[in-house]
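These are the structures in question, set out in turn.
One chain, chain A, appears in both complexes that follow, with chain B as partner in the first and chain C in the second.
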Partner chain A sequence: MTGISVTTVSIGVLLLLLVLVALTVYLFAARAVQERKMEKAKAYLSRNNERWYRVLRGMEDVSAEMVPKNKAELAAVEEIFRAYLTNVSGDKIRERIRAFADGHLAPFYRKKLKSRNWSERMNALYRIEDFGMESLLGDVHTLERKRLTADERFQLLLIDLQFRPDGFIGRNADRLGNLSEYEARQLFFLMPEPVFEEASAQFGQLDPILKYGMVEVLGMRQDLKKLPFLEGLLDSEDPEIRIRVLRAIDAFGIRTPDRILERAFDSPVWEERFLGARMLRRVPADEAARYASRLRDDPSWLVREEVRGLLARQREAAEDLAVLR
Partner chain B sequence: MATKTGTHPVFKEPHIQDIFDLMKANALRGRRTIVMIVIRAENETGAETASRLRSLVRSTDVLFETDRPDERGVLLPMSGTDEAKSFLNRLFRMEGEMKAAILEIFHPDVDYQASLRRMQSAIGDAEGRVTVLDSLRQRPDEEVKVSILDPEPLFRDVLGMAIDQLDTPGIQLKIETFGDGRTFLESGWTVSAHPHLVVMNDLLPRQNGLDVLHELRSLPNDGKFTILMMTRRNSEEDMTYAYESGADGFLVKPFNLRLFEAQIKRLLARLWS
Partner chain C sequence: MDLAIEWVMKFFGGVIFIYMAVVILAYSGMFLFAFLDLKRQRRLDRRELDDQFIDAFFSKPVSILVPAYNEEAGVVGSIHSLLNLNYPQTELLVIDDGSTDQTAEVVIRQFDMVPAEKPAESRLETKRVLDVYRSRIHPNLWLIKKENGGKGDALNVGINFARYPYFCTIDGDSILDGNSLLRVMKPIMTSGGKVVAAGGNVRIVNGMAVDHGVVSDIRLSGRPLVVMQVVEYLRAFLMGRIALSKLNMVLIISGAFSVFSKKFAFEAGGYNTETIGEDMEMVVKIQRLIKDKKMDARVEFVPDPVCWTEAPQSLAVLRRQRRRWHQGLLESLWRHRGMTLNPKYGTVGLLSFPYFWLVECIGPLIELGGYVYVIAAFFMGGIYYEYAVLLLLLFILYGTVFSIGSVLLESWSMNVFPKRRDILRMMALSLTEVVWYKPLTLFWRVEGLVRSMFRIRSWGDMERVGATKGMSE
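Showing the complex of A and B:
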């Protein structure tokens, strides 16, 4: 019988114990480092929170003491800036943050951009966008030449959009097609109006994912001036675009023009007929009933259900009105 | 107690003193002011002056006699100097030689007799027809509680500092910040008769802002709360709902701090309107 000797087992157990001890020591040390960092950040906040308020509101100038000396203090400054940027607008606060970040935080982020650690690089890219740090654009362009993850690429696009909006679409045409639908939406949502106009002028050449994102964002923006543009897209051969266009028009919350309703009802795609039926809720009762009669025998159960629900609601409303009279 | 001619009684001493104290207490409780006007018409009797005044006063105004036969007085509740001047303008459109003094009352220690003497002496010394007397006393400082509810501690501090640095004469602000709705409601900070300004985010941990709004508005003395809601959602529906639930103001984040300060000042100014 071949067995493992007691000595071997003992050595194995001893090694395991050693690993365990080393791991425990490491965890405690890491925790202690983290706590020390948090204490430093807290101390910075309690020293400078009020001073930052006065600086960002233009009541006094930045003092040397406010410039972060280490990573913990940098985290504290980031936290302060984020609190202002996400909750407060105007009053030159954004400009003051930008000036301070460019002047005093750039060395920290330059180092982070060169890091082999992905999260460090991402963190730096987020902050460059948040704080509008123009001084790091050169470093960001250097980064573009390296092998990057999709998240980093997208963050680079957002930075490019913020600092060089002119010609953004043409410059990044080959990269925009790789975005996810969520990223495309986010990009269009953050797009300044002239760039958005440029993109909509080139709608036919855009990748489908960008077309979908743009239509969705138009629906979210509820800008009635864009209704003719959206209506024009109903000629598209891609049913997905037509469906999203109808959804965007529905999101406008207006009484949908008859010509759009007609096109929706005549579509061979059930989703379009369904959205047309849903839009009838904002059409006067008698007209809605006339349209509904066309869809009563629709081959799609969902369309028939939508029409049935609409007619039932109108009946209830008419009965309520009769009682009131 | 009162001379009843026509429909509006003219009160005499000592009753007018009690009425004066009652009106003063009532006005000050509601953070309002009252105005005392004394009119002297040397060419006519007090009864004639009273008759003229009767045609101008509101049902809530109080007419009174002084110790001089050619004088009559009026107490205008919930009014200020401007209203008193308009009142006298209307009165002086009628014929007759008259002089008057106006005193705005907003301090609990103002005494009827002392005020009357000051006004009578001012009328005697004055060359113009209308003399507006200084109130001599400052309006008493009003303690106003301010609660800031937001999940972000640093932003709570920003709002606290913005409010703390506001110039609010006559108002002492006592500011407290809270990170969630339940801590605020359970803190006991809401229990007092002081006017209470609540600046609150709609989304809060544990008990959200709209819940807190409902709870505050369901309290028996909910009138003391002035509630300013903050939200990140710029939707008309949410705003309508908040206003319908009793919010006094609404701010969409991110907002301009100067706009915030202006809103707070406006809401505080309404306390003494």
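Showing the complex of A and C:
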């Protein structure tokens, strides 16, 4: 019995070690292939870097030699495009990249979209969005019918927003409900103005996560025309909305209207009083001191600390001013 | 007499075999989990994600807490690496826990610090804070000097002073890769706050070329003891934690690099200043809080972001470290023993706790017993000789095969060590693990177990060699 076990286990361990040896050989071979690929990419870059500069600046046309022939050269072209899109992007450069990608890179990404490997599909979706490849929209829609991960679904939404902004909200109503707040922010951040307007007109019907995302983006955009809209949201029963609205208004960087400050100070929610206290830094010193006295004995330590800091800074500023005079 | 010996040998042989079979099965399952997860993500262009999160509007600000006790050798490198992080909004709080060396003076001098005021909450009780300094070069860098109270107490001071809703803990002798914080924060940001704590992958910095707190060249240490620890970390982080994280069963994320929601940390009562393993204790308390309050929250391990930490280079220091870790583990498990096999705590209570009790806590005792058994069986000859061979094979399977497998898995999926020579060295040393490194660490862990039972709590200083300054070799 033990004899059989020893033999079995010995063979098992030996086999496993042999498998590991085989895997090591495979790994080293794969590395060698990878290194060759990197060398090819490097060679492509040194051959064509200057040319790409001239092509993307509109000083020269694309030559046949610049069209990638394999994955290594594709990786090199991706590097170049990424660098231009991140650092020196302009409408014309973007359009030239889009035209080249649609004309010459689509077959590569079409194949990747069909890959069983999740990261390959994700990379293809990223590139389609980055390079604005409209020619692959049909393939992207085919993908929509498959079982996808949340990351893929979100990337599809971004692509849909980029290429078919009209009717985006109505078309994707179901999908928008499943977004995380981070995704909602990103989506609203990238939304063209008309789509954003359409979404804000339906604010009441949006999921809370979408509402939060939209308010945050409004704060970031600092569009004063939206101030009345934001102020109207201070009537919301959801304290989280009110808090975010105050934060958004604060992000505008203007002196907050007194009526908004009053509402914040009277709130039973400490975060609202805290934000009200923070907004006092843009209010003239004597008025700020008057408001601050209302919050000096606030039950929240953070509110009291914010008021204390504000008064201290104002005192220091007054002393500095006195010295200067 | 012979009959009694035979019975004892059969009984212990049976126990050890069953234990080994369970452990090998569990590790195989976890290995498969890790393989599938890494395979899925292997080719992903992570720069796309990094680009998205680098914008302050999409990220969440983080307070980075660096508790430092007698870390004068590595603290400056550590701070440099943290100042180099690609992250839009951070504040860096170095908490000097009453160091007896020049830790505070070195930081004050190097970063041109002056006394300053910083508002702090007092929700967590701590030892007295002595002074607060702020850098004139980097206004987001603070030094808080306090009375000595241990790492947990220093971290609690940091939480009280932290301004932002999330805090990241980094050991004073550790350095981070540039995008590490961005990547460890990703699950927190994308989950909409459901991930309340996340830990990154910790690797050993000894032997690497380090320049101003940045690992500038990957080199494997020339010391076998360090290389064995490199392999051990790979195995623990890649195999164990990926699987446990997928099943929301994480009980340990390394204190060397982890991020927590401040709100949850406060609710959990902050770090425990009584226990040795304050990092594990914090995670267990948060898991307990989540289940007690039936919250939709989780703790995650993220394999990609890397924190480089200094490993002991001598047997004496390694022994103290392993003893201390094991004492910490046992204390936490014992303190929360009510969670074991308790259905109220879901997979954490029903699977995680039993796994940690059996494999991580009592396991070393059984495995060390296995070594004694092998030696005894060899001397007894006859049928026991075969038992010994069988057990030895299982040890090889358990130790060597999984270690080599982890080295290959890491190399295939992340390729941190690009030189083939380094991979072969790690594999070659893994082949010897069963005969020297494994029994030694088992013995030290059992020592920790015994010391815990006798409540012995002195463990001596952990001398630093300044590996984060590239001075270890």
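Rule of thumb we're sticking to: the second predicted complex is superposed on the first by the 305 of 325 C-alpha atoms of A that agree within 3 Å, B and C clash if a C-alpha of one lies under 4 Å from a C-alpha of the other, contacts with A are read in each partner's own complex, and residues count from 1 in each chain.
Note that a contact is a pair of C-beta atoms (placed from the backbone, for glycine too) under 8 Å apart; a residue touches a chain by one contact, two chains touch by 3 or more.
Model, not experiment: these values are computed from the prediction.
With both structures placed on the common chain, the touch criterion links A:R57 to chain B but leaves chain C unconnected. Once the two complexes are overlaid on the shared chain, A:E65 sits clear of chain B and of chain C alike. In the superposed model, A:S10 makes contact with chain C only, not with chain B.
By the touch criterion defined above, A:D238 reaches neither chain B nor chain C.
Legend: residue contacts after superposition of the two complexes on their common chain; A:R185 is shown touching chain C, with no touch to chain B. When the two complexes are overlaid on their common chain A, residue A:T86 makes contact with chain B and with chain C alike. Judged by the touch definition given at the top, the superposed model places A:E197 against neither chain B nor chain C.
Counting the residues of chain A touched by each of chain B and chain C gives the higher count for C.
In the superposition on chain A, A:Y126 contacts chain C only, with no contact to chain B. Note: residues 86 of chain A belong to the chain B contact set and to the chain C contact set alike, using the contact criterion stated above. Taken in their complex, chain A has these residues touching chain B: 45, 49-50, 53, 57, 79-80, 83-91, 93.
By the touch criterion stated above, chain A contacts chain C in their complex at residues 2-3, 5-6, 9-10, 12-13, 16-17, 20, 23-24, 27-28, 30-31, 82, 86, 117-120, 122-123, 126, 130, 180-183, 185-186, 189, 209, 216, 220, 301-302, 305, 309.
By the touch criterion given at the top, residues 152, 154-155, 157-158, 161-162, 253-259 of chain B touch chain A in their complex. The touching residues of chain C, when paired with chain A in their complex, are 39-45, 47-48, 51-52, 57-58, 119, 121, 189-193, 383, 386-387, 389-390, 393-394, 396-397, 400-401, 404-405, 408, 411-412, 415, 420, 423, 427.
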